[in-house]
Amino acid sequence: MEWLRFNDTLHIDLGILLDPLSVMMLTVVGVVALMVVVFSIGYMKGERGFGRYFGLLGLFVFSMLGLVVATNIFQMYIFWELVGASSYLLIGFYYTRPAAVKASQKAFIVTRFADLGFLIGILILSSYTGTFDFAALTADNAAIAVGPQANWAMALIFMGAAGKSAMFPLHIWLPDAMEGPTPVSALIHAATMVVAGVYLIARMFPVFQFAAPDVLVLITYVGAFTALFAAVIAITQTDIKRVLAFSTISQIAYMMVALGVADVAASTFHLFTHAFFKALLFLGAGAVIHAVHSNEMSRMGGLRKFMPITHITFLIACLSISGIPPFSGFFSKDEILVAAFHHNPVVFGVLLLVAGLTAFYMFRLYFRIFWGAHHYDRPPHEAPPIMTIPLIVLAVLTCVTGFVVPVHIDWAIASAGVVAAVIGIVVAWRFYAKPSDAPARLAARWAGFGQAASHRFYIDEAWLWVTRRIIFGGISRPVAWFDRHIVDGAMNAIGSGTVRVSETIEPVQGGKVQSYAILFVLSVLLITLLVFVLC
Amino acid sequence: MLTVLVLIPLLTMLALFISRDQRFVRTVVVAGFGALLVASVVVAVKFLVARALSTDAMLLAQDFVWYAPLNIHYAVGVDGISVLMILLSAVVALTGVFSAWSMERDFFVWYCLLAVGVFGYFISLDLFTMFLFYEVALIPMFLLIGVWGTGKKEYAAMKLTLMLMGGSALLLTGILGIYFTSGATSMNITHLVGTIPMAHQYWIFPLVFVGFGVLGALFPFHTWSPDGHAAAPTSVSMLHAGVLMKLGGYGCFRVAISLMPAAAHELSWIFLILTGISVVYGAYGAVVQTDLKYINAYSSVSHCGLVLFAILMLNTTAMTGAVMQMLSHGLMTALFFSLIGVFYSRTHTRDIRQMGGLMRVMPFASVCYVIAGFASLGLPGLSGFVAEMTIFVGSWEHTDLLRRILTIVATTSIVVTAVYILRTVGKILYGPVLDPGHLELSDARWYERVSAVVLIACIVLIGVWPSGVGHIISESLKNLNIF
Amino acid sequence: MDFSGFLMMPSELGLLAIFVFLLAFDILAAETRAMRWFRPVAIALMTVQMVWGFFPAPEGTAFGEMYVSSPLTSMMKSILNIGTLVVMLQAGEWLRRPENSIREGEFYVITLATLLGMYIMVSAGNFMMLYLGIEIASLPVACLAAYNKYKEHSAEAGAKYILMTALSSGIMMFGLSYLYGAMGTMYFSDMNAAVAAEPMTVLGFVFFFSGLGFKISLVPFHSWAPDVYQGAPTATTAYLSVVSKAAAVFALVLVLHHVFGALAVLWHWMLWGLSVLTIVVGNLFAIRQRDIKRFFAYSSISQAGYILLGVLHGSSAGLTATLYFVFVYLFSNLAAFGVIAAVENQSGRTDIASYKGLYKSNPRLALVMMLAVFSLAGIPPLGGFFSKFFIFAAAAQGGDYLFVLIALINTVVSLYYYLRIIRAMFIDAPGADAVSSFRTDPYNSVSLVLCTTGILVVGVVSWFYNFIAQATF
């Protein structure tokens, strides 16, 4: 269906594209959204703006589905923007909390900035291919010339994807986005919207492969770096949702690496499995937060006794994300490791390290929430069924989704991955399951690094500096000043200058008739003179 | 037929002279502008019917000799672009009436005169009558702002009037130039196409373009806009930013570009740079403002700059985008100003630092404001998106480096727009209620709601069904054969 | 002796008859109750004269080409008639005041005498005749200016006027003698054939021109105007600024066309310079004025600059535009002076500050003033817009785009000070001593209605322009 025609060749269509990729995404979005909605009924009960919440959720799901089934890149861009906006509205759901408002603005503006790249990429790409259509772009005989133009276009499109999928250095909005209601984080900032970047690149993959292989290399390195970077930060965070947020960044980076090393199947498979266990983690975290009314790990501990269902499902998710067989994460992660191994050993090494770190920080989280001891003023209680049932469903899915795709397991690499994970888990168990001073000693030895990591390596501050100092202080204020004082000043000066001249010449009209007469006679003579001289 | 559009506000104005009490004034004004909207829709329908039968550039045309010695005619006619502008004006004018519910009779008298000028301008084909209506539309502004405005109203009214009249001084020189260098046989736009010698186009084009550009907020002649909008009463801001600034863009297109395409082609780079500056400059300027109306005024500079920018790209796509942007900006800026009026009438401040958490107190107005903000920052599904995208795609059709760079520069404005819109929304609507006195405020009244709902409906309509207007515009452009 | 020449000049004879009748009325009925009828009678007679003027007059020359009558001259006289009638309507209320009532008749009689002089100026076919007309039209005005002789300003205005008139007449006469010396004739038609760019002719022309420039109040011959306009009674100021100026413009137009056509290159540039100077200086001085009469003095100085624009190229379109401009200017300026007269009679004040809040107290007067001022500023759809447009079109037709641009930018400046008046009336809050609400004198109301109609109709209805064009082509 043609929606808007630009010129003879370019037009935006709205259509529905169903292929394995989009169907897979539709499944993910549909299932997770359903679970989240059910969970929210319990979680949001009694909140102000209950109706608004579900309205916005509906808007988001609509936009996300539109994005998934897009037949062309512009349709995707349209819904891409819409999910961004609904994400903004949902993050800022608690609009009376300044932190939530700030976070929502940050999320929108950072992704908007990335989308600027996306848009310019679309413009470049469409201007020389003459189409927006995915089918035409990715056809085998697509006439896409390799060259700087293609590289620029695809790199800019990747910028858009990186913004949405929170790749370094555009990741800064995602941790803050946790200010939104937790089910929203589960849906948008874990399972669906943030993987839109991965989906976009998977969708456009043939174009990357044929026209811009250099960009794939870029994607690989950005992905690998982000995976490691986010994992390191995740270790130091104390807010459980932030830990999960950095873990999300790290896992999406995994998917990006998979794309970069040209294994679309592995990437999308991980996307698929990750969606369920990460949603589960978030919803579990939501249940915990709902029970103890805090995000901080230090306010938790020993919850396995109070919240058994949450505990078990959370454990399943942790095992899955750590890549322990037979949970789904094991299979998909293994795929990626294999692909990376065959492509680039360094990247493989990094990913292996990240796998270990992932296991470590996830179990750090797990042990600190559910083990140990903590005194509660009011004993927390298990969530109501409306919240636990989605957890159980997701847990089941986490267990089974690994088997939906028949994969060939490279046991050598798989065992390396599992070993890394087990090491991570064991260390976490040693550190956090029982009271121990090991973390403190370690922290003391690596004080500077730990400090930096817990401050997320000051990336936020750097961005803040850019926006405050450069955008506000360096551009906007001078522009506003310039406008008021130079441009407007010039206009006012014309006005006041005229009045000034008027004041200056006033005495000429002094009221003395003698001087008038002299003026008269002199003027006549002067005119005569001028006439004689000039004519 | 088209003359009805001028007669309705004129008769409304005369009817106002005999009306005494407030109720009667309201009835007359609402009836008058309601009739105007109906008439505009009828004109649009008639136009579409006529379009199907004819390929003339201008339809529903009528022509009466006025001043024979100077070939001045009263000639009217419309194409798709003017029809859309008429519809926009009718919608904004009517909603403006609702936003000016408590105003006195004299206010509406000038308001009607303004409408006479606006509608006359959009239907005119004759340069003289066009210019006449143009000035008729400008002058009432002085009194509307000067008498019913707030703040530095005298200064603002004077500045606005003088700057715009300065623009029209350039314009009139240009119009006389067009007439006499083209052989002094006609003032009708449709007859003048292609008759102006190239040597003269070089000096006439800048005069006309800048002349109209002043009203279209062309950098550096935009400074009347912040002061003027800030001082004007709500509905005047709405009509001024929503409709009057479009007179500038429309004139640039209708007169400067379509009569002098050759000069436009040669000289466009100068003005492209200026408008490119307008686009980002307005956006950055808006970021640090603290007065709601200043924010919107700078935002208008940016958005209207984009209109002129697109016009100068001289191709059908960008031009279509320009007209869409005019419609879109007209609607959303009217919405903005109407809501700012709602806030201001309750809180008695427009300083964003003194407001906060209004979402809780005035949910209806706040939600509308958020929607307006989204339209402004180009969210898909609202009108701003389609307009901006069409413009960017159109300007990207040029392959030379200057236009490419300028397009990229212009696209960055969408990020900056997001910054100032969200900053404003965050400050005034979100967060805790800052001023305890604000807890008692009432939400928008029914007439204010009517105004907002109508505007939002139009914004959404264009946003979700852009090919409706897009088709009308591009067809008209094709019939003009200038690109 | 051949009296047939008089048949050529019915309007002059008619006016003379009215003049004589009113003079006799004034003398015979002095200080009797019959004086009550003086004003209606005078106005009725003037109306008849005006209406009569529109009927086609005989065309041709009389007294050996001393006197010329053509559709153009009849048209000019009709315009002057309308102006005079309006001034008479406006003057009545002031003349009825106790301190003036004893001299009421004088005003009408003197005015009619100057009008006769202006007729002669317009219809002159010989420089001596023209000079005679100018003197008849000028000297009595001094009496009018000094009419309120017990008021110092008025006496001063009269004195200044008479002194400056004498000076300018002297210079003009001096110029005429040069012209005569150069060409040996004073007849327009003969001179037209003989004129050449010789030094003596040029010198004579410039001197002569300065004399007319004085009447039109062109810069730099304008310096008397503000003082006289301010000091003289308002009705006199109105008369000076409109009718007297119009007559001088007409005379200038005719002389330039009929006599100095051969010197066009020369006077084109001279007028160019002088009109720019006039517009700019008039505007600059007008900005700062506080007295509304003085303000209108400067405003009408700058308006005179625009009038010259039409004359510049000597084209018939320019001539039409000039006449049309004067016609519209007459209504606009007289409407303004009508309001000034009404306010002055009520409050005795002429400062702009006294107009603050006028719209609140006297909305109709304020609206008339607004229309007048907007028309002067050239705002559509009022007559002033059209007249300015035609003037500019005439200049542009000659290729003077630069001048058009300068003039147009000056209209923006003029708009600034015109808007000051609007601002005072509509926006500013009335002061403590604001003019209270009052009823305007019925005669003055008639004049205001007439002027307002003129402002509104003359532009929109093209008949007037076409009518004037007919006479000038």
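Each chain carries a letter (A, B and C) given by its place in the written order, and its residues are counted from 1.
Throughout what follows, contacts are C-beta pairs under 8 Å (C-beta built on N, C-alpha and C of every residue); 3 or more make two chains touch, one makes a residue touch a chain.
Because the structure is a prediction, the values reported are computed rather than measured.
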The chain whose mean C-alpha position lies nearest the overall protein Cα centroid is chain B
Comparing A-B with B-C, the one with more C-beta contacts is A-B
Round to the nearest whole Å and give the separation of the Cα centres of subunit A and subunit C. 77
Quick one: subunit A and subunit B, Cα centre-to-centre, how many Å? 37
Averaged-CA centre spacing for the pair subunit C and subunit B, given as whole angstrom: 43
Set of subunit B residues in contact with two or more other chains: 162
Among the residues of subunit C, which ones contact at least 2 other chains? 416
Give the residues of subunit A that touch two or more other chains, as numbers and ranges in rising order. 495
In their complex, what parts of subunit C are in touch with subunit A? 159-160, 163-164, 167-168, 171, 197, 199, 202-203, 206-207, 210, 214, 220-221, 223-224, 226-227, 265-266, 269-270, 273-274, 281, 284-285, 287-288, 413, 416
Residue positions on subunit B within touch of subunit A in the complex are 159, 162-163, 219-220, 222-224, 226-227, 281, 284-285, 287-289, 298, 315-317, 320, 357, 359-360, 374, 377-381, 385-386, 389-390, 392-394, 396-397, 399, 407-408, 411-412, 414-416, 418-419, 422-423, 426, 429-432, 466-467, 470-471, 474
Residues of subunit B defined as touching subunit C within the complex: 66-70, 128, 131-133, 135-136, 139, 142-143, 146-147, 153-154, 157-158, 161-162, 165-166, 169-170, 172-173, 176-177, 179-180, 184, 203, 207
Going by the contact rule at the top, pick out the subunit C residues touching subunit B in the complex. 317, 320, 374, 379-381, 385, 389-390, 392-393, 396-397, 399, 401, 404-405, 408-409, 411-412, 415-416, 419, 422-423, 426-427, 462, 465-466, 469
Of all residues in subunit A, those that touch subunit B in their complex: 2-7, 10, 74, 77-79, 81-82, 85, 88, 92, 95-98, 101-102, 104-105, 108-109, 112-113, 116, 119-120, 123-124, 126-127, 471-472, 475-477, 479-480, 483, 487-488, 490-492, 495
